[in-house]
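Below, chain A partners chain B and then partners chain C, in two separate complexes.
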Partner chain A sequence: MLNSLIAGLTSGGVYALLGLCVVLTYRLVAVVNFAMAATGAVGAYVMVSLIGVGVHGALALAAGVVAGAALSALVGAILVRWFGEHSERTKAAVTVALYVAVMAIGLRVFGSATTGTRRFPAPLDGPAFVLGDVVVPVSTLVSLAFAALITAGVGLLFSRTLLGLRLQALSERPTTAQVVGIAVPRLAMAVWAVIGGLSTLVIVLVAPRLGGDFATLGNLITTALAVAMVGAFRSLPMTLAGGLILGLLEGVAVSLSGLQADRGVVPFLVILVLLWWRSRNEVWDTAHTR
Partner chain B sequence: MELSHRLAAALGAAALALAGCAADGGTDGPIKVGSINGVTGQFQAPEVPKAVQAVFDEVNAAGGIGGRKIEFISKDDAMNPQRSTEAAVELIESEGVVALVGSSSAVDCGLNRAKYGSAGIVSIPAVGVDPACFTSPNIAPVNPGPYKLLTAALYFLSQTKKHEKVCAYLTVLPGSGDGIENAIKEWSTVTGKQLTVKETSVGTGDPTPYLVKAKEAGCAGIVYNSQVGPWFAQAKTQGMTAVDFAMLANSYTDANAQAIPEGLNVYSATEWQPYTDESLPGNDRWAKIVGAKGIPKTAFSQGAVMAADVFVQVLKGIQGPITRESVTKAFKEMKPVDYPMVGTPYVFGPGDAHNPVEGARFVKAENRAWRVLPEGFVIPGKG
Partner chain C sequence: MSGSGSTPGPDPAQSPAPAPATSLDAHVSPDPHHGLDPHIGSDAVLSLDGVGVNRGEAEIVHEVSLEVGPGTVTVVLGSNGAGKTTLMDGIAGVAQVSSGAIRLSGRPIEKLPTYRRARAGLGYVEQSRTVFRTLTVEQNLLVSRSGQGELDRVFTLFPELERRRNLQAGHLSGGEQQMLVLGRALVADPRVMLIDEMSMGLAPVVVRRLMGAVGDLVGLGISVLLIEQFAALALEIGTRAYVLRKGRVVYDGSCAELRRDPELLHESYFGAAPV
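After this line comes the complex of A and B, so read on.
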């Protein structure tokens, strides 16, 4: 039981990273981006494909990040240009459509689970230390540190910098922001590109643990959304905690034989409970800001 | 009300009669043969219809069967149930095919078995995955399929590798649970052994908790059939270098050999003679046929060539006109066909369920490629 808990916890960092990407996008550009993982998967596959033809790892990673950023900027351009004044729901629906498109094209280009499995470089998978029967690799610590860095860094960005202020304005009142002289479309595109690059990095980091083929990586969006829900799409620290909780729950589910068959369902049940718990004191009709 | 029922019945009968005409009409035109394949979508094997076509091209170039050419019509269902059903109806009703040869859709058998039964047509899939492919009166695939292979993989770990503690970490698709249970039972009956750990709900997500549990339980041999990349990357991280992992045929791909880290003992069961070694018995013919047309040399194209070859052989033995009825009769009454690419002879036969081919050969992942193990086919209970 203890071993399973520790084993589950080692994946908390990667789950948290996925969730943080979604929450970050939502806070920056006010879009629930269903295409996030698929975009990152395209970047990651550009990287492994380049490595496959002999390109140096660092160079390939840079190219992958640029590809992810470019694709994300394209998604952003579509949303900013054609759906800028539409509601969040419409924008989310647009990203669902884009997710389907990216997945379909990606499956064609990069292959399915049988033909497109790739070995993702895992330079950080050497053991850091052993806890019980569980070997904890360096990558676990790196994921956790990366997640903590994003959580703290973005928190500081929002609260302490002018750029952060502009980003919040962009997210919450884009039209007003434009009126007061913020170059909204350009800033939004830049944000989308950065998110795309970040998503690529995250997917590259989680791939050795969570998926070696394009479809699985692109579909990590469901896990990401589940984790983001714990933070209610708002709180970065809660999202970080959500990742750790999800990892723990998976560990528990594996160790309890009665729960094994329902391993996939348990996290979502708990998220439902969490959502209910968070909303228990809320009153209908109070202003629900993001 | 009564009248409209009668009218409907009459129309239905007329339609059936017309369909019957289409099916039996051509005893001098080409012999129409159909198949339902996943060419696009989640489960893709576009090489299957191409390889079947290649065999029929060869037959046609040599003059066909009794002077009649074989016309092959493959429908892509993209693993979409509706398209699969429509494809079967179209092939059987409109095209009037005499049989289905070399199907490789993941959904075809389950959806269309009743249709095949009522139309009195046989299907000889190149690749049967769905349990319905092995439990239907009118379907008999040329591959051993996941259940026979699972039994063989367990047998390989417990008998060939002589492990006492054998564990199973499997992803069970909806509807295949009974098949898996029976396959494990068959292994227990033959060997008198029980699984140390049986986990049948391995899904996506981090595999580390499963691996840690396997370590705790002391599993020395593990049968595994799910996602390759993360499982073995994390098995390596967890230091499981002394464990023998055996996977099933769906994992036997070049891409997976590339994805398995060095230093682990990872084997895969193969349904036909391993395609990565063209010098193995039976592979020479297959390699020549698909090689000439630039068709990918995969296990799927092996199944396609075998299905087409078996079909042609049975067809050649038919006395009199080749129709749907005579083809179905010939398959139900056929003698076993020795085909060197598989472990046991292929036979369709009269039964209500068909899983004629048994046994598996094993390959080992070494240096990013699959090496064929020298032992021949491992057939549970037969050495």
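After this line comes the complex of A and C, so read on.
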């Protein structure tokens, strides 16, 4: 059981990172980005493909991050250029279409679960320390530290820097942000690129544990959205907590023999429970305003 | 001046709220200029030449030419739907300019994106008190501050903002929010400030305060292009006036002339003298 919980915690850190990417995209450029994990998967596959032809790991990682950032920037450019004045729903629908396109192209280029599973390097799978008789791998600590760093770092960026203030202004009133002299298109593209690079790093971190086929990695968006819902697409600390809880729930599911095969259902259950809970509040509020 | 027939309506000098406009008149400094500024035309800070502006696919503003002289308040009047806000949005780059030329200190700006027009010296106070609600008063000012812009200049103009500098802008009163939007434009160190309906939804005492601040902006050397629902009040502080009807300029002359001749103002608004 403890072993499964530790494994769940590793996943939880990564899920938190995925959720943070979704929340940051939504907060900064007001888009629910369904294509986020797929763009990260493309970056990760560029990395592993380059390693496959003999490129040094660090160089391949850098190239993968750049590829993920560039693809995400392309998604952002499409949204900024042609859908800038459209509603959030339309923008989300556009990212769904782009998700389908990226997945189709990715599966074609990199192969499916049966034809294209790659062996991702796992330099962080060594033991960090032993807890009781359970070995805690370095990857657990790295993913947790990375998630905490992003949460705290973005909080500080928003509150302590001019760039953070401008990002918040962009998020709240994009048109007014331009009126006061903020280069909104450039800033928005930078946000998309950074999120793309970050997504690639997260997918690279989780790929060795999940098997390394393109479809599985691209479909991690379901988990990311479930985690983002815990933070109501707004709160970074709640998103961090949501990721960890989701990871632990998966760990518990794995440790119970009857539920082991169904652990993939956990994100859907979390989404359903949150939707039910929020709609319950709305019904309650509506009843009280009548 | 064109004079196509429209149904005569209420006196535009008093619209949309006659009583407050009249009650405010006595508190506004009279305009020292009674004719057109002789400098306008030769060294206009902002000039429009045959400008058309679109909303979506439809052209709302047609072939508008106007000039804003240095250190003056130029007033744009017109009934609801005349295209005043669309014109301002076109100048600021928020709406698409379909034809014509816009020059800021002689430099064409109509092809520049919105943020570059702002950096070139065009301040825009939009309708609806567009503060960044989650940022504090001070942070609202910091996001738009240019190299030379000083927060102290804003706090001197609006001391009430200094007392609330750490309060979230969403918690300010309507008048304070409007002061903040004016101050935010001021810290960007603009040459021209476009001000669109800043009195909307505010108490007369607050409007009086804000109009005084517009006079202070001119004292700082900033030229102002002003849209104002209280026509009489705007004409008191303005030098030159333009009246828009159906997206076209139907009057171009002095504010003093419109002040003296309410029938002319009415005809400019609606295309017919009052019955």
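Here is the rule we use: the second predicted complex is superposed on the first by the 243 of 290 C-alpha atoms of A that agree within 3 Å, B and C clash if a C-alpha of one lies under 4 Å from a C-alpha of the other, contacts with A are read in each partner's own complex, and residues count from 1 in each chain.
Convention: a residue touches a chain if its C-beta (ideal position, glycine included) is under 8 Å from a C-beta of that chain, and two chains touch if they have at least 3 such contacts.
These numbers come from a predicted model, not from an experiment.
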Could you look at A:216 and tell me whether it touches chain B, chain C, both or neither (first, second, both, neither)?
first
Quick one: classify A:251 as touching chain B (first), chain C (second), both or neither.
first
Which superposed partner A:169 touches (first chain B, second chain C, both, neither)
second
After superposition on the shared chain, which partner residues are touched by A:134: those of chain B (first), chain C (second), both, or neither?
first
State whether A:208 touches chain B only (first), chain C only (second), both chains, or neither.
first
So which one touches more of the residues on chain A, chain B or chain C?
B
For A:58, decide between first (touching chain B), second (touching chain C), both and neither.
neither
Looking at A:178, would you say it contacts chain B, chain C, both, or neither? Reply first, second, both or neither.
second
Which parts of chain A are touched by chain B and by chain C alike?
none
Chain A contact footprint on chain B (complex, rising order)
40, 42-45, 199-201, 203-213, 215-216, 227-230, 233-234, 236-239, 250, 253, 255-256, 258-261
Where on chain A does chain C make contact in their complex?
162, 165-166, 168-169, 172-173, 175-185
Which chain A residues qualify as touching chain B in the complex?
3-4, 6-8, 10-11, 14, 107-108, 111-120, 122, 125, 127, 133-135, 137, 207-213, 215-216, 219, 223, 247, 250-251, 253-255, 260-264
Write out the stretch or stretches of chain C touching chain A in their complex.
92-94, 113-115, 118-119, 124, 126, 130, 132-135, 139, 142-144, 146, 184-185, 188
